[in-house]
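Below is a structure I'd like to ask you about.
In order of appearance the chains are A, B, C, D, E, F, G and H, and numbering begins at 1 in each one.
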């Protein structure tokens, strides 16, 4: 049984590669999709396609419209969602993707460091499972196949 | 026509009172609901009802389960949602409530200061309308009645 | 039994007043809602609330975001939709509101002049009932009460 | 990952061929579906199958019932929708297909010339992304795969 | 607690009056809605409103479009549906309304004479409760209030 | 593009074979499913599996529960539904399957002889397309592929 | 704000009276609905209305069809559900009502004694909040109004 | 036609092997999924992945969150559900899975011994088909292919 997993969360380190590597080691037949991880491309895609915009707000809105279309297509293809929160940044897109998954009945695994237990408590309570590392998230997925 | 409005967002200042005051001045027949604004009560409600928990994580999970039930009941009663982001704090609950509103087809007005345009760009793009002040949000609602 | 009727369509003549007048004559307990009929206000509401925008496209997008929120709130309150097409203008909002009603399972009465039979044929086929005058539309609604 | 794209919009030029050509050049694994592009066939299909009808209205209604069935089957198979507005014609079917896509949570890319910014502003605001050329639309889709 | 009950089924005798009479005797706070019971009006409503049609098929289609709009409005207002089958007639509208109720998760009570057990067996199996008289149906509804 | 078609309707002649034959002649890649066409098996399947029942009503209810499960599985797999009414029999299952298809947003083609125009008028009006022969129904499906 | 609460669970003691008494003491504007609490009536309602059945299985099936209709009507009217498990009995109806509430997005409070923590762990994890007494459940509801 | 079947129910004997064996004998192209059948693993999976918990309740809640995610993924992949009740144990998970299947419109076959007719009567009435042995359940599925 193949499953498609949407990997929501920060795009500033290589955690998605770790996920893919673990899946390979565990021989899990998973397809991974997720947000655009090239940060500059993600910020500039609006102006890249639509041309220069009249200021920061408009540049951001143009980029986000294309990022949101991309996410909507890919999340609709997914069987479950992993959302990883790191120790830095606002990470509101991660919260948005995780909340959308819950509202659409997509099973959700939340990964967050211990420091974030308190501010993420309501979102954590809505997730199916909350863990604190990529390893644990992959053990949860492996358990589906056991 | 009466409308019920869920006021998602920070609970550290009196913006909900401002909203109610504006509604009164404009003679809008609105009912307001929202998250628990007594911060201590919101943090302690789990232990208040269920008794002492074995540590911070469990205390937080107990509280958040009750906060989430409260929000689910009240948002299901709402015709539209206002979500206000301030300049401080993580505000992941605001992102969660706003994203849930969008996924459930509840019309959404986002209020955010200019400093947050960039990190909130994808959520802002999903909202029906994004404004930068409570006054503007209330003018949007007033427009429904015009 | 009270019913709420969303009156989609052109805002350049007084057809909504005719509808209300007919309802009164027939003693039908109907509430009417619909798009903003003050054309200037509808075009300027974005800049009125959000301030000057950097050009026509942005002014239009700001206005339309607020018009769309207004329509979403009001159509969700409605039990059925009347959509009137006239002989002039593009009237894409009328097509948009009528199609949305069908997709959301809101019963739809289409009013269109004979000249528009051919270009509106697919939308007409999706409507519950297609008529060519306000009088006929009100007779259809009166029939619900018979 | 294969995606199926419904190409709503005018049937009077070869824009669908351009779309297919661009997809090929970019090596995108897309399947394209869309409305009947043989205009005469689309107008006559009702009488072709059901026999002569008693006048224009009935001929049109017969044809549109079959065109609507075709569109419903194909749009339900689609992962996203591109809707192109040109400079001529009423194009209410394009508005209808685009609005239906939004209501059914199908991601929507709108293509429209600058002349149509104002009359299409509400529909444009509902689309995920609005562009002004086929090239830009295909760059948006290409971005999903990046 | 008030409940609205849609009374689907034949329009050739006074069973709806019996239902209303029983409800009154039992002091049940029920509102009743249902299809048009004036048979001639139901058959002619299309031509009454839209004018003469070019033959029987078109007359019937015009009438049925208005009857279907009426039923859709009223069934959406209902909390449960009673569908009565009698011993005569095709009664396909009764089957249609009953099946629609099941598909829309409206609780359904089926009334049918013993002669019809076999041909109605699949529909009866989908209903919540199948009875053989109006009296029994009203006892089922009375039980909701006990 | 493969499509799965549910063939609702009478099981007393070979119309499903004609459908399959036409599909083959037209080179349409269709899969056909439908109700149990072995009439005796359909009537007896309850007692065959569950053992003798205490009378006709119970025998029928046991059989219909298994027939309904079968139909639910197969209709959920289908992309569109053809429902054929013949000149004889009650055919309430056909009406039930056709109505369920409409309520579940499955495109519906209705086949009925001219004699049944009047009693089937409301159901015909709800169908996407109504035709009077198997040939015409297959031409409608062929049109999807054109 | 009035809320309607469905009280699922055992019918062998007076816990529903305690709930109503607590609500009164706390001045909560709640309406309570729930399953039939007259055990004999609940078991016999099938035969009471439909007449004697040919054995225990058929008597039970007749009763349960009427009990299920009653529950479906009342749960659809409810804003939230309390499900209480006691120390005795199978209580599968309680599990059924609680699971249905979760699947229909009705907020759920589970009350269960400590002895049942292990066998109810999956259902408890699906509930919004799990408590061990009626008092605690009412404090949770009171918190909605704070 | 391949079908995926979720096998809900007790994990204390080899009934799932019997099911698979029967499917093989009957040449049915079925895929089977179901809950974790290694009882110890199912109880300990929370602590296995998340580490030691502060007591039985927390250990159970951790395990159940992972079991529930697993079930949600697998049931969403399923075309129908078989739920088997045995003579021992509380079996509330079986009731939960069966009720969830009904609420999500997944066809349901219930297997239960005669001793459980009375306490399972409401759930049995909601199932599509109720049988008393694995053999009978497999004959029902075989009938789908006939």
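Definition applied: a residue touches a chain if its C-beta (ideal position, glycine included) is under 8 Å from a C-beta of that chain, and two chains touch if they have at least 3 such contacts.
Please read these numbers as outputs of a predicted model, since none were measured by experiment.
Annotation, chain A versus chain D: rotation angle of 90 degrees from the Cα superposition, expressed as a multiple of 5.
If you match contact pairs by residue number, over half of those in D-F turn up again in just one of A-D, A-B or B-H, and that pair is A-D. Work out the mean CA point of chain F and of chain H, and you get 31 Å between them. Averaged Cα coordinates give chain B a centre that lies 44 Å from the centre of chain E.
Separation between the centroids of chain D and chain E, computed from CA atoms only, is 40 Å.
Chain E has its Cα centroid 50 Å from the Cα centroid of chain A. In chain A, the residues that reach two or more other chains under the touch definition are 65, 68. Pairs of chains meeting the touch criterion are A-B, A-C, A-D, A-H, B-C, B-G, B-H, C-D, C-E, D-E, D-F, E-F, E-G, F-G, F-H, G-H.
Those residues of chain G that touch chain B in the shared complex are 1, 3, 79-80, 105, 107, 109, 128-131, 136, 139-140, 143-144, 146.
Those residues of chain D that touch chain C in the complex are listed here as 56-57, 60-61, 63-65, 67-68, 71, 89-93, 95-100, 102-104, 116-126. In the complex of the two chains, the chain D residues touching chain F come out as 31, 33, 36, 38, 41, 45, 48-50, 65-66, 68-70, 72-74, 76-77.
Those residues of chain C that touch chain A in the complex are listed here as 54-55, 58.
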